[in-house]
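Have a look at this one before I ask anything.
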Amino acid sequence: MRTLTFFLICTAIGIGVFAAARLVDNDYLFFAGYVVLQYIVLATAWNILGGYTGYVNFGSAAFFALGAYATVFLHKALPLEISSLIVIDPLPIPVLIVIGAVISGFVGLGMGYLTLRLRGAFFAIATLALAVVLQTFITNWSFVGGARGAYVIRPNEIEPIGPYVQYLFLLMLALAVTALTVARFIERSRLGLGFAAIRDDELAAEASGVPTLKLKLIATTISGALMGMAGAPFPYYIGYLQPSSAFALDYAVNSIAMPMIGGTTSWVGPLIGAVLLGTLQQIATVTISSSVNLLIVGLLIVDCVIIAPTGILGLIEGRRTARDVVADPAVFALLFGINVIPIYFLHQEALTARPLEIIFWAVLIFLALARGRLIGQLWLITLPIVSAALSVVPGPPLQGLISILALVICLACGLLLRPREAATRSGTP
Amino acid sequence: MDVPFDLLVNALVAGLLLGAFYAAVTIGVSISFGMLDIVNIAHPGFIILGSYIAYIVNSRLGIDPILASIVMAPAFYALGALVYQVYYASFERYGQEALRGLAFFFGLLFVTEVTLILVFGVDYRYVEAAYIGPSVQIGIIDLPLRMLVPCLVALTLIGALQLFLSRSFLGRAIMAVAQDQLALQLMAASPTRIKRVAFALSIATTAIAGALLIVIQPVEPSIGREYIGRVFAICVLGGLGSLPGALIGAFLLGIVESFTASLPWLGPSWAPAVAFGFLLITLAVRPAGLFGR
Amino acid sequence: MTALLEVDNLSKRFGGFVALDGITLSVKAGERLGLIGPNGSGKSTLVNCICGTLANEMGTVRFDGATMNGLTAHERTRRGLARSFQLPRPFTSMSIAENLRVPLLYTVNARPGSHLSPAAIDERAAELLSLVGLADKAKHLPRDLTQVEMRKLELARALAAEPKLLIADESMAGLSNTEVADIVALLIRLNERGITIILIEHIMRAVMSFSQRLVVLVTGKKIADGAPDIVIRNPEVERAYIGQ
């Protein structure tokens, strides 16, 4: 399918989504949808540098915030009267988006130039550093509000769309379509092949004639620009911008988690990841605290990266058998132990948070199954199932204790038991 | 602008004391990143974990935090061995460290930090010990004991590690692994096992560094992230894999931060930017560091 | 015949370790040069320095009349200097046909004047794969290949860059006798078509039958340079290398 066709189809889908949302006529849908769309852009942008080229960016928040604060700056600086005849009026958001893209792209280019001649690890660390430096600067810059924050007053309505949030939603929809089109275009182009070569083996890519530094700079610039684009409308969305919200951890964590969970090798992966994880978080946001939310995402990253490194896309395409994952007892132990943590904390939250526990119970059951199969003790799978049943249904404290005990036994047996020589005991749940 | 001499001297001394502590925090990364090429950005997470464990032991049992941490160090060693084994089995073996390995440590950092927030909340926690509070005066120099004691412990720790690495068989095997894995294999030593020991050691140091941290300042879970930049800045500045280099780099950073915080026209809110700015400049200008190979 | 490649007093250190010590050699256009030496003698380091993967501290490399110092590896490849890696480094996420598209798109198509259409590129890739005997594995991923097949892929990928000078770094390790003879015959055919070739090998039979001239490297120093049958009778060479 040609790029133009893809773009048109996406636009059509986008318009369809917008129209459907208008039919429902609930403003909250637009508020939540905006965030999901924003994450589609961020995840796709991250993936161009991370998934395609192999360079991890921990500072997505920096580029996002740059776009946001460029908007704040211009919002405060304009209207600007240069002389009595020349007045620069406040800029409409689409222009701000372009400016955000340019600024963030530029910073991406600059940072890339400083660090991309070194190993990928240094680049990753530098991106962390960048986020903190930028946050410090902005916190100390009173013109854009500093630590106190800045108000960005927006109109309530805008013709001909109606409520302002719907206008923002539409803009973000356009940005999402743009980001996906750009990603897909790159993927299928000579540029994308060069990126993949760099990711697979940078030395061999150089030796094959790929100008690795130039391509890496291109990737950083495009990725940064897209993130800046996503950040530009944010002040209008949120109304009151503080550095802590622009530089929020959520952006760094999610822009890594979403492509990794969805799959990093194609434009579809970040889309899947952003829609799934983004929607999940929007739903969960009313039932759980933001800390638990971050815990879940962080844990999903660890789980995904070990169990399903190729993400959902990879699972669909049937790659990487999961059985060898738990071949090493250390992996089984760490994963098992670590996945109990969110279950414990979700338990402390409202009952409506219980469904989220299912994800981690599923992981535990999977671990027990894989490990059990490997060491020939399939009965292990009964333990987490029993534990889950006991913990999900409310009851006396003894029930909880038995639940924990079952898990401990599962862990211990999974680590200590060895496969039996005579395959007489196969044990079915 | 007229800055009093007293202020300058004390800023210098404070910087040195701070620097020694920074070195203790960094020493683990000098090993894991400098020698083993493992980008463990979860390192600060382990340090904060160490701080909180010191806090619990101190507030429940009244035991001195630094002593407690030395007792806890073997547990951290075991944890480090476990984490390395997972890292090796899931990523290093397949050459996937660049993307997935990094994401793994990132995830661990998050999980650690957020779990601590959920358990302890975001309030600052502090410990109590005899040496927190009093200061020693030497002329115009003011030496707060809560900085001096960690400084001395840090220097001892670094000295001990350096001795271990340069004199003992295992230590020298670790340095050999850093330089040439193939040669080591030919000598019938398993690089994986040696790397595991080294990594476990690096995590063991975080137990102690964490206790030192909570002695110096009250701690809350997100402080770890401030240290990521500092730690890697010092490592890179001092030259990867060089413990003495890390010490010098740490002193440098400590002094610059101290001056930044005490000079009236900048102030402490700029401190985080200093380390990271250092890092960016070092990476741009001399990535091999001052003492690098 | 003029010198295509001139290496002049090249030195390379890794910290305190001197990997290459004042290497001087020249390769004439159209020549078949063999480069031998014990493990660790610096052969691969020399290749890395010539091709730009590593930067040498001292000395110059001149290729095709121009100095290479300061040029990146990809620029050198575009000027006609290609190499295969001793330990194969395929692009693991791509099929082996796509592995060849990388040099075709980024080296051949980057040269002024030549521009292959997508169809022509696919054709060239298929040709190269049949040349090395991997035509039936065109759609496979590198992880499905045997070690031997991966070495052939390395060679094919280097050839895809349409080099003037090809450095083949241990392409024949693990091959059977007939396979070795096949590759030698292939390289000689390529040489007759005008490609200058430096062959780095441990398989003496191959080196002797292939090389017009032989250079021996021992612990970073060049200890012999001349006609193959004379060089191998050099007592220093015998002691350092053939005696093993």
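So that you can tell them apart, the chains are marked A, B and C in the order they are listed, and the count of residues begins at 1 in each.
Criterion: a contact is a pair of C-beta atoms (placed from the backbone, for glycine too) under 8 Å apart; a residue touches a chain by one contact, two chains touch by 3 or more.
Treat the numbers as computed from the prediction; the structure is a model and nothing was measured.
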Handout entry: By number of C-beta contact pairs, the top two chains
Key = A-B
Exercise for the section: Could you tell me which chain's Cα centre is nearest to the average position of every protein Cα atom shown? Expected result: A
Completion exercise
In whole angstrom, the CA-centroid distance of subunit A from subunit C equals 43
Practice task
Provide the C-alpha centroid distance between subunit A and subunit B, rounded to the nearest whole angstrom.
Solution key: 29
Completion exercise
Among all residues of subunit A, those touching at least two other chains are 199
Handout entry: Contacts with 2+ other chains: residues of subunit B
Key = none
Handout entry: In subunit C, residues with contacts to at least two other chains
Key = none
Exercise for the section: Within their complex, state which residues of subunit A touch subunit B. Expected result: 50-51, 54, 56, 58, 111, 114-115, 118, 120-122, 124-126, 128-130, 132-133, 135-137, 139-140, 199, 249, 253, 256, 260, 264, 291-292, 294-295, 297-302, 305-306, 309, 325, 327-328, 330-331, 333-335, 338, 341, 345
Practice task
Flag every residue of subunit C that touches subunit A in the complex, lowest number first.
Solution key: 51-53, 72-75, 77-78, 82-83, 85, 89-94, 98, 101-103, 105-107, 110, 157-158, 160-161
Problem - Complex interface listing, subunit B residues touching subunit A - result: 33, 37, 39, 41, 82-83, 85-86, 89-90, 96, 98-100, 102-104, 106-111, 114-115, 117-118, 225-226, 228-229, 232-233, 236, 269-270, 272-273, 276-277, 279-280, 283-284, 287
Practice task
Could you please specify the touching residues of subunit A with respect to subunit C in the complex?
Solution key: 190, 193-194, 196-197, 199-201, 203-213, 265
